[in-house]
Each structure stands twice: as C-alpha cells, then as structure tokens.
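Two complexes come next, and they have one chain in common, chain A, joined by chain B in the first and chain C in the second.
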Partner chain A sequence: MNRREFTKAMLACGAAIPFGITRAAGQTRGGTLNTIIQPEPPVLVTALNQQQPTLTLGGKIYEGLLKYGADLKPMPGMAQSWEISPDGLTYTFKLFPGITFHDGKPMTSEDVVFSCMKLLVETHPRARQNFSRVASAEAPDPLTVVFKLKQPFAPFIGCFDCTSAPIVPKHIYDGTDYRKNPKNDKAIGTGPFKLKEWVRGSHVHLVRHDGYYLKDQPYLDEIVYRVIPDAASRALALENGTVQLVQWSDVEFYDVQRFKAQKNLEFTTKGYEYFAPHQWLEMNNRIAPMNDKRFRQAVMHLIDREAFSKRVYFGNAKVATGPISSKTRFYDPNVKRYEFSVDKAKALLDDMGLKPGANGKRAEIKYIVPPYGESYQRAGEFFRQSFARVGIDLVLVGTDMAGWAEKVGNWDYEMTQNLLYQLGDPALGVARTYISSNIKKGILFSNTQGYSNPEVDKLFDEAAITLDAARRQELYSKVQQILVEDVPVAWTLEIEYPIIYDKAFKNIVTTGIGSHETFGSVYKS
Partner chain B sequence: METVRAFLRHPSGMIGLVLLLVVVVVAIIAPMVFPVSPWEMVGAPFTPPGEDGLWLGGDTLGRDVAAGVAYGARVSLLIGIASALAAMAIGVVIGAISGYFGGKVDLVLMRMTELFQTIPAFVLAILLVATFNPSLLTIILTIGAVSWPPLARLTRAEFLRLRHREFVEAALCQGERTWRIVLGHILPNAISPILVVTSLTVATAILLESALSFMGLGDPNLMSWGFMIGAGRTVIRNAWWMSVFPGLAILLTVLAINLFGEGLSDVLNPRVSRRRS
Partner chain C sequence: MTPLGSAAAIGLQAISRIAQLVAVILVIATFNFVLVRAAPGDPAQVMAGQSGASDPKLLDDLRKEYGLDKPYFVQLVSHLGRVVRLDLGYSYRQRRPVVDLILERLPATLLLTVTAFCLALVIGTALGALAGLAAGSVLDTVFTVLSLVLYATPVFWLGLMLVLVFSVTLGWLPPFGYETINVQLSPIEHALDIMKHMIMPVTSLAAIYLAIYARLMRSSIIEVAQQDFIKTARAKGLSGTRIVVGHMLRNALVPVVTVAGMQAGALVGGAVVIETVFAWPGLGRLTFEALLQRDYPVLLGIFLILSIVVIALNLLTDLVYRLIDPRMTTGAA
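Then we have the complex of A and B:
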C-alpha cells in the first residue's frame, strides 16, 4: 500500500462512520432507481388502462385506499382504518389527513366517491363488477367514506388496492370525457412519485412528490422507467447495472437462472400473491371431442406438467392442481390428481370411443398460439408433442394479438393457452372463468370455453355472498372438487414471475402486489 | 451430353453440385437416421453438442438440433424449389405474353411488373404471410408471388430477342398457331437463361423462407432452419449451437445453389460466360 492508497483507505473509513450512523437511524433519503417498463404503456392513468405496464408504472402515481400483504389481508393505504358492519353491508373508511394530489389540491372523500362510483365503473371493467354491488357511497366528512352494499359480498374489502380502485382527482375529471381529458398526459394522482417527463420510446421520469402525506416518504428522489423493447438488451441492462430492478416478464425465463447467480442481485418470486398468475390449456367445451369430460381428463394425464415447467419455463413455475392457485385464499389441495400417464389418457380416449383410425390418428385439433412471446410458442410445441403420443394431431396456428383476442373472445377456436390473475379472492379472479352467467360472447377472460354446471354456479354464487370464512372454504373446496373432476380447462402451471433487483435497494417487495406497489418506502442503502 | 461433360469440367459448379447433393441426401435419409420427430424432446434442455448422443446438441426444450437440421433440409428444399417453380410459372407466362405481343399488352404488364419490383420483396412477403395465416402453401405462394418479376423481365427480353428471328418468321409464314410458335420455337431457345435464374431463385427463396421463419412467420408445424435460428437466437450467449448449426446449413445450401447456378450459366451460355477459358 503506498501513501495515496493509505490516505484513500483512511478517508473511506472516515466516510463510513457517519454513513453507518445515518443508516442505523433509519432509511436514507435520496437516490435514483432505474428500472424497465416493457412494453411502453399507452397511457399512465391506471383508472383508464389496466394492462400490466400501466399498472406497474401508474402504481407509483396513483394510490388506492388499501394495500394487501402477501397473505392477501388488507393493510392501510390511503385509508388509515376501516370498519365492516356485522351484516357485511356497510364499509366505512377513514382516510389519512393531509393527502394532496400532485397539483397541490387536497384529496378528500369526495374524490374517492367520484373515482369509485362514477369514473371507474365506466373505465375499469374489474371495478365495474365490484362497485356495481354498491347501493350508495357517501362522503359524510372529508376524511370518511361509507359504502353501502346491496347484499353482502365477502371479497369487497379486497377491491381497494391501487390496481383495482385507483383514486383520481374529481376536480380534473368530473363532467369531462374521461378518456379524452387533456390532463391525462399529466397523470395527476396522490402517489409518492409524480410524473416529470415522458419521452416516448425512451423513458418515463418520476420524481418525488414533496407533499406526500406519510412522514419522510418517499425516500427515493426519482424513479426512471426505461423503455427497452429488445429482450437481450433488457437482460444486458440488468447485468451491467444500467437498471437496478426488473419485474414481470422484463427478463425472459431462460435468463432468470443466470441472474439468480449474480452476486449483487436479489431474486424473489414474492410480490405476485395478489395476481397469482394461473395458466391453463383452454379447450372449447362446445366442440367435439372437447365436449366430452373424458377427453379433457385425458388431456390432464397427457401433459407432463413437471417437464412442462422445467423445459418451457425453466422451473419458474409450479404445477397447478386445479382452478384456484395455491397462492390464493381458499385453495384446497385435496382434489383428484391427474398424474402424467399416457396409458391412462389412452384408456380414457378409448373409453369415449375416440380410437385411432387407419393412419393411427385419433383426431386433429387446431391450437391457436397466443402471440405473447416465445414461451407461448414453446408451450404450443410442447403440447403438440404431448398429444402426438396418443395419436392426436395438434395443428399450431399462428396469429396476431387482435386475431387471438377476436377468435377466443368469439369462441371461434378449438384449443389455446390462457393465463388469468386470481386477484386475491376466488370470487374475483376464479369464478369468472367457470360460472355460466359469465359466458359472454366477444369478451376475453370470461367463461370463453363455455363450461356450464348449475351446481358450480350455485356454489360460486353462495360463496361470494357468504361472510363466514370457514363456510366459504367449505363451498370453495366443494367447487374445486367438482371442477377438477370436470376439467373445463386443463390447468397447467402457476407461473412464478421473478422480481430481480440490486441488493442496495430495500423494501422493493413489501406487499402481495409487489412491483405495482407505490415504492414510497423503497430506499437505497 | 456435351453440356453435361462441360459442366463436369466446371470446378466451382461441381463443388456446388456435390454440396447440393449432400443436402438432398440428408433431406432424403433424415427419417431413417432420425426416426423420432425433430419436435420430440429427446434430451435435457441446453444439452451441449456431443453429449447425450446429441451430435449437435439440444435446444431450449431438449430437442435434437441435428434432427432439426436434417428435417429442416427437407423443408428448405421443398419450399425453395416449389416457390422458385411458382415464381417461374408466373414470370414466364407474364414475360412471354409481354415479349411476344408487345404494344399495349407489354406496356401494361411491364408497368405491373415494375410496381412489384418497387416494393421490397421481403416487406411484401411479410405482409402477405401475415395476412393469410402462415402455412406451407401460403408461404410457397407468397415467395413465388414476390420472386417472379426478374424472371418475367428476363423472359420478356429473350422473347423480344427471338421474336423477329428467321425461324420464328418462317413459322409465322407457315401459319402455325401462336401457342405452337411460343411453346415450340421461342421458349426452347429462351429456356437456358430462365433455368439459370430459376435455380438462383431457389437460393433466394430458401433465404426468404428462413427469414420469415426467423421472424416467427413460418409454418409453426414445420421444423425449418430459420425457425431454429429464431428460437435459438435469444439464448445465443449461453448456447451458440442452437443457432450456429442451422445457420451453417443455410449458408452451405445457398452457397451450393449459387455455385451450381453459376456453373449452369457458364455451361449453357458459353458466349456470355464470365469464365475466360
């Protein structure tokens, strides 16, 4: 060590002491978080668009009344406390005092009532479902909101996070055409970060909202969301530290393994509990041979889902056992299990009379490959090989996004793959796929496969309006048993998206909403 | 016979022919060497070349890259030849009509040909394939539809050259029917440059098909080289073999066809030959 190095080392020690003290005192202020937004969202107002990139970015700008932990229990958001009347009809929220919008105007209960009852029911399909159950919403004083429901709806308390019910300023939107409001470009919310600039095709720059109501928060000075369309470049940006956080499918599954090993990075699959992405092979139940339960059961036996997870998702997925994700409430593992068995599949197909023809083929089925990237293509190829083992020809058909949505929405398909979020409660995220009242032509993510079973309808309906958790579990266990027996869709995997971030950043994942969260408490050490 | 002998003495032409024969043989024996479908996941994902009995390694799903390359030869040759023939059919008919009749017919047909020539072939091909769902037939027709203009112009030039030669005039004087003059007298004399250009069109057709498959616009049910590169491209940093071997296959095949086509050209048109022997 020469003299210069020695001085440097001494200085470093000196610097470390006060630094250590501030750290011990709590979270440090300042710092920039660089991350990725992929693909670039069309708009940042989460009330108007609920695609994943919009929610990820808009989650910093717009807040909800509540947050949900990894266990999906409600936590304070903008509401510091809440009360549910014993009959399950009245929900009273007390807001934090001193909440302001980014334009400086105060946020009051009037804004909440306006957002939930007027704006969101027009622009947010999921919120429309939830708030259509409300008989009246009132704002008795600026910090109190009271919702009165028409009838009890147990998961109503799960409808208030920033993705389900973002609060927008009434003074900007009331009486305007919401989607054409010129202030949409400004994206004015109450979140810890506000929009500074959005350079299309390049980046979205968020800076600290100084009037934020939680003491000292946000700790970060700014967050920059970079638009990087190419997957390899995104991986490279994380590798060389240009970005310090990636979420959802920013980094492709085949790269995830590599980053798990990189020392300065933290890897987690937590922070997706609210969404619990659940994936299945969708079969149009209206068309032969998919209209026969035995055929659909055979499909469950045909797909080696362990291998599917390993080969297509590189192990970033867990085998699904039924309609409800193991990460969601009311999951019941005690259902019929379909182990990988070509013989059992063959027996079922023989039993239903779908025997091999002269050329050894049992059937030819068209499979529409969802145009959402490579893993979907690989999945189609995996399924085709699985079906070939019993003499079923799966013909892959490529299409574009509009084509896929059009075909699946209008039931003009035989098989495809689908992935839906569970949204924290079976009544919100699961029932929609199986109840017959949700067989709606032209609407994606409804009961598109056309499964209809009055008993399932009854169980889902009753479970939604039952308040007692034990009774709900009973109902959902029953419904899971029936569905797993009937196999309306062949559940494949619970996809485990990663969140990978630089270890210097703390509190990245604090709730079940993960990277959609406000990031007010994120700090750099 | 003389032509064949001349070709046998043509060194680069022979190299092309031998390489091409190798590709053809690989395409023919693929099902015997690799009895399992190239889509079957026979090994562990990311198997490096030489391990687990996979000579050229396994791809991201554990499919045999060697089997893929072999079966890809069938797809590439089939699509290459079929779409070159389609292009020839369109090009020769349009060029022949244009060159033989001349006048307004020529004017209209040639303006149409120019219209096609001004649109970049690959962009038009993407548009066509994306509009009609990608399948073997639509890909062949698409590549044919974007590759015919050079053939039409060549045929027209040949027909213009031969149209007023004595033997054609003689046939006309004898009162022979138009189609007999075109098919019996002019076309046989124009065929050699057309064959040469058609053989070179096979090479561009193979490249076009690979490019389409690379972009995910190939027939998803066919294992083709372009598809393999497209699928392996994303992991090229960890697994070079998934894209390099099919890439080499494309390189060799296209090179072989080009060498063969040039040899053919030199032998069939000794006067315009670029060879100074």
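Then we have the complex of A and C:
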C-alpha cells in the first residue's frame, strides 16, 4: 500500500459507521458481571500504572481515542473519525460529541492534548516514546485534536487505544503531582463504568456511567472484580459460577482443558491480537557459550517446541518462527526453520568446540525460573530435560518477582524465559528487544540479552519511519531473516491466553484488545 | 523507705522499663530494616517488571518518589525517626498510609485467626486431656490418630477440599471472601453472612492448631499423672475429679500456655495460606504481597507491630504462668 492508498484507507475507516454505537436487537439492559482481578492493582488509573490487571480493570473506566480490531486496523473509540495527511506528519482526530467524565465535566480536545503531551509523557513509558515523536499537539476546537509529528512514524495510528493513551481529566490533574493526586483513588475517566467501591484485598465494584456518550450503553449495570489470589480457588470460582469471566492467566493452562468441556462456558483465544504475547528463552549474549551464534542456533534445534506447546501449555500456544508473531503486522513465515533435531544441535555444539567432557557434560548453565506461575516452572523443567539430551546441565534457580527483575534487568543472568507483547506493530513491540540503542542496564524489557547488529538497527529504524506498507514489509522481512539466523533469543511460542466466560454474556470479545475493552457493549442474554 | 520514696522508685523503674522497651523496639526496627533491604530487587524494578515496559525515567521517578535515591544510612535514620514518631509511613505500591492499610485488614485477620485459635485451644486441650486421661484406650488411639492426620494434612489442601465439597458440590457455603458482595443486609444478616463465610477458613485453620494442642495436652497429662504429687493426692484419698481438675490440669496446662503464647503473636500476622485460598482480605496476604512487591514501608510497619505484640504477649504469658502455677511467682519458692 502506498502513502495515498494508506491515507484513503484511513479516511474510509474514519467515515465508517462507528462500531457498536447503535443498539442491535436482543441486547438487554441490566445484569452484573462477576470476574477476577489478579493480582490486585495498586491503583486504577491506567495513565499511572500499566500492569496488566490495572489495564484490564482500568479499560472499563478510561478510554482511548481508538480501538483496534482483530486485524489490528483502527476503529472508533472516543474519536469518531480521523485523517492522516499524505506526508504522514499530521494526524487529525474528530471526537464524539457529548463525552463526559464520571464527575460530569465534559471531555474535550484539551483533555486529549493534556493527557498525551503532558501527563502520559511523564508517567507512561510506552506513551513517552510514542509522543516524544510529536512536534506539536493542538486543540483548534473542543472536538478536534491535531498532532504534528517531527518526522513520519508509520505506527503512530496504533498508539491510541485505552492501554497506550488513556485520556484523563485535565481539570483534575493539571498543575498537580500526578502520582500523588488525591483524586487517583476516585479513578475518574470517561468509560462506560465508574468506580463505586474498592475494598482492598476483596473486590472492586464498578457501576454504570449513566452519562456515557454511546446510546444505550453500557448494557450491564455492574461489573464486580473479585480478588482471588490462589489459582486453584480461581478455577473453583469459575466452576461454581461465582465468577462468569476469566482472562489472561486467571486460570492455569492445565485447568483450561476442563473448562473447554463445561457446557455453560464459552472458550476463545481471540482478543489478544494487539498484544500477541511472544515468548522466548532468553540467553545472555555477553557470556560464553551464549555469545556464540552456533550455540544459540543449537538451542533452537534442541527444544521440541511442538511438544513444549502440548505438554506445558496444553496446546494453547503456537510455535514461534522468529521475532515477529504471526498475529502481528509484517510477519514473514519465509524464514529459516529450526526443526527439532538433537543431532543438529550436537553437531553445532561440536563445531564450536563445546564437546562433552569425561562425565558426558558439555556445560552447566544457570536458568532463572521466572516467578509468573506454574507454567513457567513447568517450562523450566521442560528446558532442563531438553538441554540434558545434548549434555548441557541446566540448573534451575528459583526467585521471586523482585529478584528476577533485578537479575535480568542488570544482565546478571545466564538464561531465563521472557515474554513481551508485540503491540500491533514491530516498531512498537518488537524492535525494543533487538536494537542496540535499547541496551540499557537496569531496565527490564529492553535489549537485556545484549544483542547488537548495526544492520538490524538500521532496518528497524528505517521501517519505523517508512509509510509505504510494501516497503515496510520488505524491511521487516529482511530483519526477520537476519534475526532468525543470529538467534539473539530462542523464540519458543506465541502464547494463546484464553478468555472463558458464561455463555449468557455476549460481546465479551469484540476487538483485538479483548478483555481490556470497555465492555460497554457487553450484555447478558 | 517513705511512701514518697517508694513511689519514686516505682516511677524510676517504670521509666527504666519504658526506656528498655523503646531501645528494644529501635533495635528490632533497625534489624528489620537491614533484613528487609538485604533481599534482592527494589520496588521500582518490580513495578516496571509488572508493567511490561520500562525506561530509565520511570525507574528514576519511582526511586525518587520512594526515597530510594537517598543513601542507605539516611534511609535508615529516616525510618527510625518515623518509628519514634509512631509514623509507619506510606505504602510505595498502594500510595496510602501504612497504618490505614493495616487497620483495614486487621479486623478480618483477627476474626479469622482469633476464632480459629480459641476454638482450637478449647477443643484441642479438652480432647487432649480426655485422650491423656484414657491413655492406651480405644478413645485415646482414635484421638491420637485423628490429631496426627489433622497435623499432617496440608492446610491449603484441606481448604480446597472443603470448598469442593461444601461450595461446589453441595452449594451450602460461600466459597471465598469475607462477606457477600453487592447486597443490602441488615446488621444481623450481615453478621450471619460473615459467620457463614468464616466456617470453612476457620475450620481449616483451626484443624492444625487443634491437632497441636491435643497432642501437647495428651503428653502433658500423661507426664503429670506419673508425678509424685498426684500419687500423694490419691494416697490422701482425694476424689478423682479433684485430682484431675485441681492438680493434673493446672500443671499440664503450662506447656500448652507456653506454645499458645508463642502462637498468639503470630495470629496478628494472619494466616497467609488460608487467606490466599479463601481470598480472605487479611493481614497475612498484605504481608506476603508486600514482600513480593518489596513494599518496604508496609513490611516494616507490619513487622514493627508484630514485634510489639510479641513483646506484649510474652509479658502476658509470664502473668498467666503465675496464675496457673503460684510457684513461678518471685519469692514464692
């Protein structure tokens, strides 16, 4: 798609009848949805905290200008239409009229400019990166917002969902210490649900925002998020109907199977397209033997990733072929494939001189088990057995969240497992793991393995500022080929988290951000 | 000594005791600080780790906000200053005063742990005494086996099995939480609702304490029954009831009181496993979560309060000893 076609497509999107505005037949008012929030968020203001539970719950309270479909194309959020100038530098959004905050004050373009250009750049690391590309943001009238970029940034249109750019009230935050603002406890947004009560350690109770701007929405009266810290107890809560919806890793993968068979429940893996959780075995490229490309290639060969998906994730995962998820734009399947082959792995290890010693061992490597639940522990066991086949002793080291974050962030590790969201575009969610400029000590989810390749840097940089989609595909295909050859990390699986819910509830998954959605259109039949 | 002189001496003694207590508390506070900070990781990294995105500015901002950018010694002095002022500080993660967080969770925790503790103490001691008095009988064997099974049963497993049977299968009891959410109840209905929610967590928690007290009391009774003073009492022709109540039980209770005193301190800390399984909004979970998050002010606040409670309970245990066994009173021997 060239620049002109791209602009036309965007205009067409904007002119389309906004998704879900009108009430379709059969949608009824009323009802309560009980679900789970785990772990309990520290605060509900998504502009201040971007932990996954905060975003899931906060997505009902705060909205962005856009939403993204399963195909990752933008859809109206609080913006009913948008235009991108042919040079890719000016983005103009038209807001829906009549949007109000939960305190009754109107939401205008001033709030959008304040949120994006003042508050989020202070508090939201992803938004900081995205909006640092903006030269100016203006609010020519209450319903129009104009962003002018310093230089083209192709995925800029993908930076406006409720997780990336939640809009907060200027009248509450302007001129205050954002993190210490006393109104943070009230969580005042524009979403279809507002905070009624938060009993810490127990539940968060949301009720209908009567002044919501979309006609008849929300259909539900209430949503109750229950804090249930134990995974087995969460599964029982779904089983006996105490809760009617679970998402992300609320239930462990080994429990998912039985819920698929429970007749009153609906199971789907849709609704994660925007995030496209991509998992890999992370190897510290600074340390021998991981600093040798042949070793890393051997790792790709020695893990039976089909079996890994079946045994650890019970089939709720797809084998990853490279750095870009098959659900993300510009994925290229035509890259070198590393089939499961212990012999090929051994040959590569022999070739690099890592031969078995007298005891049959080639090396001993410490693997830090990420403290994110049962599946990660099982994954560690699976890797240990896989490495043992070629004579590498993988020593599993347990730690807690703080310990893991410190070790990995400070490069004080040999191997671990990691998972990152792709955020709809390689420039937003993929490049950060591989570009040299993001090798930053102490910073998690940067290029912590320390991979550096000037050609890769150049390709990622050029693709981010190129508007022509065909050219971007070309650049990203090239970068995928190089990375798959270099194996900076050993990609394992595209995790397909489930969303399981009571069949009485409809419209649970309507976009590519799934359970982070506003739930304004969810109804109980 | 004149009455005035005596009062002055008591006053001095009291001041000296208080000064000692303050010193002990400050030493404990210092020790807690060093211990908590010895664990790897910091709250800013944890928060960034859970957000899936991070950059130097976020970490710097958070560390500055939490005061973690200051030298270690300055942080320690500032912590001790707060302890002296009885200020427990602010939670990094929840951005609320620690004292509010503790007071919010304390009632639920005390309701759970004190109820379980009292039930276990009364029933366990009674069953242990019965088993001890009937040592070697069928009743004794049954009690002993039962208490052993209860003692060996993992508390989380027992909790989950109770939920499976009484909530999922029979539907008699609410599976989780402290109260029914989102309903209007009268005060009496509310109290009954809380009681209903308490049945399974209290039973699970009481089971293990009950087994401990039953086993302890049984061995204690058997040991006391063989003492010379019991034989003397029998030789004097005292009735069986008088011997049991007046002599055996009083003496046999001493080890039970010692253990109960030690465990009572832990009650305030909550019961992490049970609170987690039953989604009970108590202090145990708050502590555990604060530990995972490296929420230092919350951890230090809870540890400080626990330390004070343990000191107070130790004093109380000493007093109870003297009530049970007058020989322990100074100078009585």
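Quick notes on this structure:
By definition in this document, the second predicted complex is superposed on the first by the 499 of 525 C-alpha atoms of A that agree within 3 Å, B and C clash if a C-alpha of one lies under 4 Å from a C-alpha of the other, contacts with A are read in each partner's own complex, and residues count from 1 in each chain.
To be clear about the criterion, contacts are C-beta pairs under 8 Å (C-beta built on N, C-alpha and C of every residue); 3 or more make two chains touch, one makes a residue touch a chain.
In this text the structure is predicted, and so the values were computed from the model without any measurement.
Three-chain overlay on chain A, with chain B and chain C fitting side by side and no clash. Using the contact criterion defined above for the overlaid structures, shared-chain residue A:Arg378 touches chain B, although it does not reach chain C. In the superposition on chain A, A:Val369 makes contact with chain B only, while chain C stays out of contact range. Within the superposed three-chain model, A:Ala232 lies in touch with chain B and with chain C [touch as defined at top].
Of the two partner chains, chain B is the only one touched by A:Val397; chain C is not.
When the shared chain is aligned, no partner comes close enough to touch A:Ala358: not chain B, not chain C. More residues of chain A are touched by C (comparison of chain B with chain C). Looking at the shared chain after the overlay, A:Val312 reaches chain B, while chain C stays out of its contact range.
Of the two partner chains placed by superposition, only chain B is touched by A:Tyr254; chain C is not. Minimum Cα separation between chain B and chain C in the superposed model: 6 Å.
Once the two complexes are overlaid on chain A, the chain A residues touched by chain B in the first and by chain C in the second are 232, 399-400.
The part of chain A that touches chain C in the complex is made up of residues 32, 39-40, 42-43, 49-52, 122-123, 125-126, 128-129, 179-180, 184, 199-203, 205, 222, 224, 226-230, 232-233, 236-237, 239-240, 242, 399-407, 409, 420-421, 440, 442-446.
Residue ranges on chain C touching chain A, taken from their complex, read 39-43, 45-59, 61, 65, 93-95, 101, 104-105, 108, 156, 160, 163-164, 167-168, 171, 175-179, 181-182, 276-279, 281-282, 285-286, 289, 291-294. Per the touch definition, chain A reaches chain B in the complex via residues 231-232, 252, 254, 258, 307, 310-312, 314, 369, 374, 377-378, 380-382, 384-385, 388, 395-400. Across the interface of their complex, chain A is touched by residues 37, 39-41, 45, 60-62, 130, 133-134, 216-217, 220-221, 231, 234-235, 237-238 of chain B.
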